[in-house]
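These are the structures in question, set out in turn.
Next come two complexes, and both contain subunit A; in the first it sits with subunit B, in the second with subunit C.
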Partner chain A sequence: MSNKRKLNDIFYQFITYISALISVLALSSIFMFVFIKGSSLLDFGLLFNDYHEKYYNGGFNGDIDFSLTPEPDNLEANEFYSSMWGIALKDAKDREGNAIIIVSYISKDSPFSNMYDKNSVDIESSIVIKEGNIVSKISYYDKPTSLTRYGAELMIKDLDTVTDIREVVYTSLGGGIRGSLLTTLFIIGLTLVLALPMGIFTAIYLNEFAKKNKITNLIRSLIETLTGVPSIIYGLMGLAVFVPFTIAITKADSANLISGSMTLAVILLPIIIRSTEESLKVIPDDLRTASLALGANKTQTTFRAVLPSAYPGIVTATLLAVGRIIGESAALIFAIGTAIKDDVSIFGRSTTLSVHIWSLMKDEPANIELASTIALIILIIVLALNILVKLVSKKFITKIV
Partner chain B sequence: MEKTLECFKRILGKSKKENIDILIRGIFGISALISASVIIIIIIFITIKGVTPFISYNQGLGQVNIFRFLTGRVWLDGAAFSSSLYGVGFIIINTVYIALLSLMISMPIGVLTALFIAKVAPQRLSIFLRTVVELLSAIPSIVYGLFGSGVILVLVYNFAELVGIQSKGGNSVIATVLVLSLMSLPTITAISEVAIRSVGKDIELGSLALGATKTQTNFKVVLASAKSGIFASAILGVGRALGEATAVSLVAGNSKSGPSLGLFDITSTLTSTMLEGLKETTGLDYDIRFSVGIVLMIVILLTNIILNYVKRKVGSVSVK
Partner chain C sequence: MDNIFSIKDLDLYYGNFQALKSISLDIDRNKVTALIGPSGCGKSTFLRCLNRMNDLIENCKIEGKIQYSQMDIQTKSFNVIELRTKVGMVFQKPNPFPMSIYDNVAYGPRCSGIKKKSELDVIVEKALKRAALYEEVSSRLKDNALGLSGGQQQRLCIARAIAMEPDVILMDEPTSALDPIATLKIEELINDLKRNYTIVIVTHNMQQAARISDKTAFFLMGELIEIDSTDKIFTQPKNKKTEDYITGRFG
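== the complex of A and B ==
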């Protein structure tokens, strides 16, 4: 072998190595990016918080019962406690990076647990400062107002010198994804309820009942065609067909979760049908003929003998479907809308996690941190589903063998 | 009562069991029919909606001229809801241009990765790489979009600044191309790998027996024999690139006129145009999106037909 040939071979080998490396690099950089940007915000509070913050103005009526709770031992150095008012404050940064003062502890007998709502006409209304709320200002009758920019320490010092407060302005912490998480769960449930029976029935029909003729082939190829349609076209279909349809038969008056689920169900149909059919195909015909020979009719054979063996395939289909639902964005932008909501109703608009990312990125300025955190959650779920699919199919294969 | 039932039974000539069979068969058959008719419903409704702007007078704005629409170099002359002068000609060019450019990046990388996994790598490494490819294809497109706007836009912006070109925050043709080639990479790799694996062992051994090296065989014989399957992967990759919406809309920059052929110009694709500014749910500016949808479907269909034609031409050349 000549030297030139050797060099050539090494070069060609080298470029295959490089290509493979690029794929690995792509995957790892996506993961690293999402993890680095997103992990700082990832906590359980995020999952249960509202996205939109709520503003409160609290004030006091009559005498104030001061707190008798001494300073708790577990406060950290950056938390400042006022024993009279029973509240601990600390400096923090919000999700956009601005300085804020967060309530880190509030005692049970704190006067802040019994204020009236200045924004409400009802004089009896009472509001409560909770741990995690953000105090933006406290104003007094005979002193300058304590503001966020002076820091938590000064605010506590001011509090300790007064016996009455004119007004406390505080907000609940926004930027959470509870609404989108809930929407995603609703959508997964609704879509599976719609798509699974339809897909499984179709697969059973095609594999067990249908004769091998032109009509069956036509049905098959029509369903096959669905896989090539881009999801944005499904979105248009949802907008043109399902949104008016749901408005007509339910109390919804705009795009809603039901229309979104119907759109997703259509997207999932070919996936579920194919996966179920694959698992029906590998079931040996002996099983069917044996069941029929024992006197069972076609229905009994299908439900009692064939379907139980196809369960792993159906489970795989379901898991794949859930992954697809969580990841889908383009179709849902059309079929449900892009308004991020905290109060989720299946008759109204709201966003799934994916669309939430899109809305955040389309905002000016884009909130990449929160978007990455949601992406991180999505990635974790999708990876878990992938592993589950592998486990199920592995089990399935060993069972058949 | 019992007599009539008996009568029915005799007419039908079937037992209860058989009746259940017919019922179940009917239910399953109807499900299959509905599943099959969905694609027809999609085509009918989008066509009706999409053709409306061209044949109705759009609440006094006048018909959209179909010739102008297909060849236009400006998305909309005038303000939304007060003009009917739409054009998507430049967007069609942008879309195809971007899809082909991204194929030029993802195709060589994807095919070579597939070759590496199937023929070159030791078994453990190829299992690992296959998992990597699987994971890449499981990542939702919105995450690719996020990665694009968080990393690729920054890289493109810095690079453009380095070479002294103005770029709008990195939103550009090249950023879109990079995101799309990343997204179509796993599709191309997975399908090419299957094609490469299914190349007959005897062809390979024949080449080796004639004195070709392993690498020569891989590149000249195995890849050549698998080219029909590799072409199929390219068709799917292009399909994904043409139809991708959300990720593209985050990095394209949404230009309103064009075509944008420079690598650092902002651009727009059919899908990103459909997503842009969807506020109202009536009126021409809403209906026109369905027309764009029809154009998208036709572009995808035509690209598929052309590529399939090329595939037949290329695939028919004998390699033995």
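== the complex of A and C ==
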């Protein structure tokens, strides 16, 4: 008998160990995957660059003032410098993996700092090559054109032999996620402003003011059901209700950031209501009776005594909400669009980081590296927000509670 | 005859269960009245009638007359909020709010509309001094009240009630969760307070009732068996049941 008990014991313990191990492995492998795939492309340029590259065609009018700056000391072996033109170039790869020639240094008195824009009708307009720009083509009057595929070294050699240039074709580096990042942060703010007060007040109504009867229970179970509804259904609702609504009352004429936020707010409501209500439920009735016995009325009791004690629960609700906003993609494809923008556009289509990932992956061939990098950035944002909220609430709670 | 409370034929039902049966008694102003009796005899329920805390319980039906300073408090039009500012209450378990000591004491005055900091400062200091807590906490008024010991927390709850300048303080077994030393302090405090306040205290501890109260009422099975001066109840009770209870034959 005792042996059987022992075996049973070992068996159940073994199951708990194995389950814990598998869970930890599964979770950490997600992190590992994203980190390994994505960390190579991670740099600050990615965060701040435009997504769309801009094309420039530069040319020279009249005499060219050549550079007098000697080669800087800090150039590396793969950077090639033309002292006449005051520019250093090097071979690199862009975010899609294609070979490019990138400007790694440009002197202050370089002739490339004063070119006229061949694409502009205005003859006086001047354009400038900056560090980080990609030079794709330089054509001359009396020599074959220098192209990306011949490499940076040859391009510099060609430059050193000429005194005039017909045209420089260069682009700013694209593929950045600044627009999507800003849109994500903006939408987090707007959605929380919409959803948090409404959710918290609904929870207060349900838990503190509503009579405990069948109707309240029905409302509560409806809210619980809403938590499980797939978000793409909310997206359809956003498309059918909020998009026309925002078009009607704002200057937007398509899916936009406001309709996206409204849709997300509706998705978040059940989550916020539930976790706020849970935290209100565990507050002991002692606190309410103590307040009422001091001559406080129901409203004062709720907002001065009960709500401050529910603060940790509300923080958790907010964190869950932020996580959900960052992670949401299906609903947003309808409600905010998939257009990748370089800045926050409130009244037009735009995209958050998650939808940005989806856009990258639906292309052929899919850019898994960049998608993983964005995923890594999302993870970092979520982690940072978590730590921030914990720190802030710790300070706040030790003061109040 | 100076009765602050006068109760006539009070019946109280929780649903179908009758918890109080035809209670009639008067409570003297500026005296300590102790309510004793075994668990479930209705003494706490009776206490909660005096500031209408039973309103919070669903299915609770009250019949009869409770007069506070000649006013009938059971009528619907009676201002319960005002009653509760005049009739304060201290509970069995110390239940300070999870906020600073200062905010705890200032809670009631703030709720009744006092906003001025200087005014609140005076009220808080006075209340804490009256509750014999000021010296212990004066240097840490901004600290969280939950960091105080159980006895200090209970005195804070008394200070919180005093801050409202009540006439009556109801105490529902205020020392049952405290150790003997903290209990002694609370009892000394009650002795001090009875000069200014009427105190009605529910207690399980018969020695405590004998030590601190002027009058004692004995409840049994929802009925008031006997009420008299404490000396008489403990030395020559009229009713056999009272005698049995105080001599420890049951309960």
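Some notes on this structure:
In the analysis below, the second predicted complex is superposed on the first by the 346 of 401 C-alpha atoms of A that agree within 3 Å, B and C clash if a C-alpha of one lies under 4 Å from a C-alpha of the other, contacts with A are read in each partner's own complex, and residues count from 1 in each chain.
Everything below uses one rule, namely that contacts are C-beta pairs under 8 Å (C-beta built on N, C-alpha and C of every residue); 3 or more make two chains touch, one makes a residue touch a chain.
The model shown is predicted, which means the values in this text are computed figures rather than measured ones.
Considering which of subunit B and subunit C touches more of subunit A, the answer is B. With both structures placed on the common chain, the touch criterion links A:Asn297 to subunit B and to subunit C. Look at A:Tyr12: by the touch rule set out above, it reaches subunit B but stays clear of subunit C. With both structures placed on the common chain, the touch criterion links A:Gly132 to neither subunit B nor subunit C. In the overlay built on the shared chain, the residue A:Pro70 is in contact with neither subunit B nor subunit C. In the superposition on chain A, A:Gly45 makes contact with neither subunit B nor subunit C. Residues 297 of subunit A are contacted both by subunit B in one complex and by subunit C in the other. Listed in rising order, the residues of subunit B touching subunit A in the complex are 17-18, 20-21, 24-25, 27-29, 31-42, 45-46, 49, 108-110, 112-113, 115-117, 120-121, 129, 132-136, 138-147, 149-151, 182, 185-186, 189, 213-216, 218-219, 239, 242-246, 249-250, 271, 274-275, 278, 281, 289-290, 293, 296-297, 300, 304.
Partner subunit B is touched in their complex by these residues of subunit A: 1, 5, 8-9, 12-13, 15-20, 22-24, 26-27, 29-30, 33-34, 37, 197-199, 201-202, 204-206, 209-210, 218-219, 222-223, 225-226, 228-234, 236-237, 239-241, 254-255, 266, 269, 273, 297-299, 302, 323, 326-330, 333-334, 354-355, 357-358, 361-362, 366, 368, 371-372, 375, 378-379, 382-383, 385-386. Subunit C meets subunit A in the complex at residues 51, 53, 56, 81-82, 84-85, 88-89, 91, 93, 95-99, 107-108, 110-112, 144, 146, 157, 160-161, 164. Contact residues on subunit A toward subunit C in their complex (touch as defined above): 284, 286-287, 289-297, 300, 304-305, 308-309, 398, 400-401.
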